[in-house]
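Note that the chains take the letters A, B and C in the order they are written out, and that residue 1 is the start of every chain.
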Amino acid sequence: MTQTQADQVLLYIRPGSWDLPSIDPSCLAAVIYLQLTIPGNFSIFECSSPDLSPTGQLPTLIHDHHSVALLLPIIKYISGLDKRRNTGFANTDLDHGMCMVERSKQTAWFAHAETHLGNLVYYMQYSLHSNWVGMTYPAIALMLNVTQRYYIPHKIRDMYKPRLDAAGLWSLPEVETESKKPFRDITPVNEKAANTNVFLRAFEKEKAIDKAKLIFDMYSRILNNPYFLGRDSPSTLDVVVSAHILLLSRPPYPNPIIQQLLLDHYAPLITHAQQIFTQTLGISAPTIHKVTPPRVPWRNLLPSLPVSSKNHTRSADEKRYDRIRWSFFGLVAGCMATYLAIVGRNVEIKIVTIDNSKGQSEEEMEEEDAGDEAGVRAEEGETTQ
Amino acid sequence: MLTLPPSIAAFFALFPLRTNPPIYPPSKKPITAPTLWIIPTNPSHSLSNDVECLKWQAYLALRGLTNIHIRTDVHPEGAIDGRLPNLHVPPSAEKKSDDDGQLLAAHLIPAWVDTQTTTVDPDLEGYIDAAARDESRAWVALLEGTVHAALLFSQPSPSYLERFLSISISSPLSFSWSSDAPTSNAASNTTPSPSLQTLITPPPPPATGVTSLFPASGVRISPTAILTQYRDAIAALSERLGTDQWFLGSSGPTALDALAFAYIHTLIESQSDTLRVEVCRRVNLVGWEKRVRETVDSAFRREAR
Amino acid sequence: MLNPPLQNTASPQDQEPHDGLQKLLHWQHQRRERKLRGEYESALLRLSELVNHNIDAPFSITSVRVEGASNTRQSFLASLINPILNKPATTLGQVIHTTRSISDVLNRTDIFKSVEVRLERSTHDLAHHSDLDLVFKTREHGRYFLNTSTELGNNEGSASATARVRNVFGGAEVFEANIAAGTKTKKSFRATLSLPLTSTLDTRGEFIAYGLERDQTSYASCFEDLKGAKAVIRKGSSYTGLHEFAYEAAHRYIGSLAPTASLSMRAAAGSSIKSALSHTYTLDNRDDRILASRGLYFRFFQELAGGRLEIPVSSTSVSPSTGLSVGLGGDVGFYKAEVESQISRPITNSVSLSCSMRSGILLGLQDKSTLFSDRFQIGGPTSVRAFKVFGMGPRDSGDSLGGDIYYSFGLSCVTNIPRKPHWPVKSHIWLNAGQLDSLSQDNRLRWSLPPSLMRPSVSMGVGLIYRFDPIRLEVNFGVPLIANKSDAMRRGVQIGMGLEFL
């Protein structure tokens, strides 16, 4: 390796579990892509939470003073590396040799995979209650230190809720309904609500399976020959799809509804993903360097500011929140100052010099501030002892 | 339920002793033609500024319907589930003439269109083959995901006053000890409208950070990442259209064309230079948009009011 | 005659009881009281004689001291007292009169729990012996009041908090804030700052900020969310005539429509901003606000919102379309006037007759129709009885849209329950009539009266009134006699609760 530390490609990802380098499909896809293009020439940095990433998002790639966030921009950056001088990389574009129409098709399929396969993975990991409680929550909690363990997993889960809600895949709570309130009697209304809960849940699973079937069918159809879209070497789309399929098929889901469907009916997809896995993440594949993150538990309790604000332009939302943060600090400082000014009006700080030899000056002082008489007396007493 | 004893019911039936003619609402006009309720448009033409409304406008027009009225004075809150567009269709012929007709939410529009014109083949949906139909799904995902995210991102955020006024004090307190609360939410069949949180993969963390103890709000996103993806998407769209008449080489307009038109038109009209330039650079997209716009525009008539 | 030792030698006078200690004690107590009363009366008599004889004696006030008003601004007290002192008091009578005026104005500030007056000979070195100091010994009310309450039950919880600060800036200002929220019921807040504007204290200013939500699902399938601010100047008292001038800016939002909402309500949804000036005159000399048996109540309210006035600029160089436009701003422009009156008088000892009338008109000043939020609604137990709440006027598939012009009339004959005149329950027989319709308006702001106004809806019935202070509760049995086909009627028993009834 001829590169210096600054030239090192550093990839920030969510940490892995279940024998996979990352639990997040986008991060996993980024790792696979780098393994296919620049094996051995990059390191990964495991961020237990997105706040540790320089851009605030994961995956993020840092190379040569560039920071690139999200999967597609990372892939584009890496695939352009071989065209730049002095990088020493070759063949970093997996899609070389594709015609423009094929490339554009791939862009569309890429978006489809990220959206729909992504939804399925998130549904399995975060939405299904038993999977969350039995698998994802412990996995995330283990990545965090003791103080963060108790609240961050729920915040991470909340990030996924709007998306799954919009996709109609947010599942209802399964336990919780019972034993929370020992005094609640079973009224017909409650019973009815509980029943509809059961129905809705059953209906929901059917819905999820139907959706999954549609999506898997489609990917089975475009998976002709060894790879997607009829190519004979893995392309970007293969990377993305296999990352999702791996995360659907490999983790030990306590409630494996979609996993079971995949394993039972879509063997080609599994084989394809397995092939990519062996090639990039298996035992014979090149090892991945890891950079261990520093542990700073208490700093994180404050609202975090992204580490490097120079390298990426900041969105309006972020700017606004920065403004709110600063105005909050300003408010606190202002309040303190006002408080001290008001309270401090009645506080007089006096320096009383005590000198036995100059009794006269003491007398003068006593006359001057009758209010401080007591204090002076006390000090007098001390000095006379 | 308690029922009235027959004698009392008979007594009550005597009243009122005299009945005057009803008082009709003042500004109500009988519905004569299908009317699409959309978010206000540019006064020069009849196309909505809102992508969601424009999608359905394009859909109706490209399915060959003409002479559809549009109505722009209804606030989205007045629409079914609080989301425009809605299609207001006149009552069918056998019903009484003073009937209000029927108001359809957006997802019911295709079924109504099927009753009006020749239905498309449900298997291929107008695409040339099954592969093209599958591919159309991918393009829909690209448009509704990546392109929509860029559109949302370019929109100016509401001012503080607007946000204060839009906080509905109606929302009940967030603490909830009753386990029924989530049920009622899930039971109501409304899906939230797309936001950056639902469109970006992976879902963006809150702007306050995940590790912070402060309540989460806002989103933290990388503008460069969104724009990179957007540029890629538009390039791909232009490449895929090529010099074809319709997307994916179909012989006639499809649902994908309606969707693509809605996005391309909105992007061309967009306030954001970055977004607009990306589309305007591609001659085939601009030309195609112009051609489709004429078709869509001519299918609608502003309701005189 | 020789008496044995320890013989009772008492010779009772003045009917002194001689048996039983209790009786004796009682007798003594009464005797003492009688004596004291006598002394007090004679002292009072002597004092008033003294004062009356010296009423023209020359006295003057050198200074006024208010003690114990530690939280009250000196300048505020001076602004109250100085105008009274401006008329110089030269005799004892005038001094006493001045004293009474000052003590009265101090009491009316509502800052003090007690005000005691003392006249003292002036301690000033150069003071004449007829110079007096007025010393007001006061005790202030507590300044802070905070009340919170929570209610739990039936799968629902709610909490409310009220805070009141008296004498906020030391000038008899009152600040009150109230906030309420619940899991199912809605949140609302209201903050009021009221302050006296003149030294006579009969004009007060008030700033109000509020936010609340009205549940209108029962008659209009929607919720209305209101947020606004209001500034009010109030002069006089309602007994002699109260004038209220107000400016109000409000944001109204109609939303959360029921799935069955009518098309008219769907078109009415959305937000609007009202910016309006209003004037209210109230005169109320009834003997009882809730259940009057004699007296007159009159209220006249008018409001001007938006109201853009185009002033053409008389310059030849500018095109005619440009001109100054003067207005209050806001989305809506209307003029609204409402009159309400009630006359009650007793017929016999136990029977009284009460006649009330309400009427209102709403004129849109823009070329679009008036908004749902501004329009009038009538019907219901506190309005035209035997109709559903706001169930009259223009309606569209079950939703009352409200009207621009209305009148309603009520005649009630209230009697006591036989042999129980002291009970708070009375019975009455009533006749109600009313009509509500929309005005048709052409482009040139000309309105035409709808013919339906000549055909009122009429109802009558009997009922019981319960004076449930501070509100009135009614249970009525009534039937509509004449109704419009579109009206929502309520035949039979109807329960009403409120302050103002027709």
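To be clear about the criterion, contacts are C-beta pairs under 8 Å (C-beta built on N, C-alpha and C of every residue); 3 or more make two chains touch, one makes a residue touch a chain.
For each chain, UniProt lists the protein as follows: B = Metaxin glutathione S-transferase domain-containing protein; C = Bacterial surface antigen (D15) domain-containing protein.
Note that the structure is a prediction, hence the values are computed from the model and not measured.
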**Report entry** Most central chain, judged by mean C-alpha position against the global CA mean
**Finding:** B
Query raised in the report: Which two chains meet at the most C-beta pairs?
Result: A-B
Query raised in the report: How far is the middle of chain B from the middle of chain C, if each middle is the mean of its Cα atoms, in Å?
Result: 49
Requested in this report: For chain A and chain C, let me know how many angstrom lie between their CA-based centres, rounded off.
Outcome: 58
Query raised in the report: Once you find the CA centre of chain A and the CA centre of chain B, what distance in Å lies between them?
Result: 31
Report task. Two or more other chains in contact with one residue: find those residues in chain B. Result -> 177, 180
Query - chain B-touching residues of chain C, taken from the complex the two chains share - result: 155, 157, 181-189, 211-213, 223, 225, 227, 251, 253-257, 259, 261-271, 369, 393-397, 401, 403, 436-438, 440, 450, 452, 455, 457, 479-486, 489, 491-492
Report summary line: Per the touch rule above, chain A residues touching chain B in the complex are 24-27, 49-51, 55-58, 68-73, 76, 100-101, 103-105, 107-109, 111-112, 114-116, 118, 122, 148, 151-152, 155-156, 158-160, 162-163, 165-168, 170, 172-173, 176-177, 180-181, 190, 193, 196-197, 200, 218, 221-222, 300-304, 306, 312-318, 320-321
Query raised in the report: For the complex, which residues does chain B have touching chain A?
Result: 130-131, 134-135, 137-139, 141-142, 145-146, 153, 156-157, 177, 179-180, 182-183, 186-187, 191-192, 194-195, 197-214, 216-225, 228-229, 232-233, 235-237, 239-240, 242
Requested in this report: Please give the residue numbers of chain B that touch chain C in the complex, ascending.
Outcome: 8, 12, 15-28, 73-80, 82, 88, 100, 103, 164-165, 168-173, 175-178, 180-181
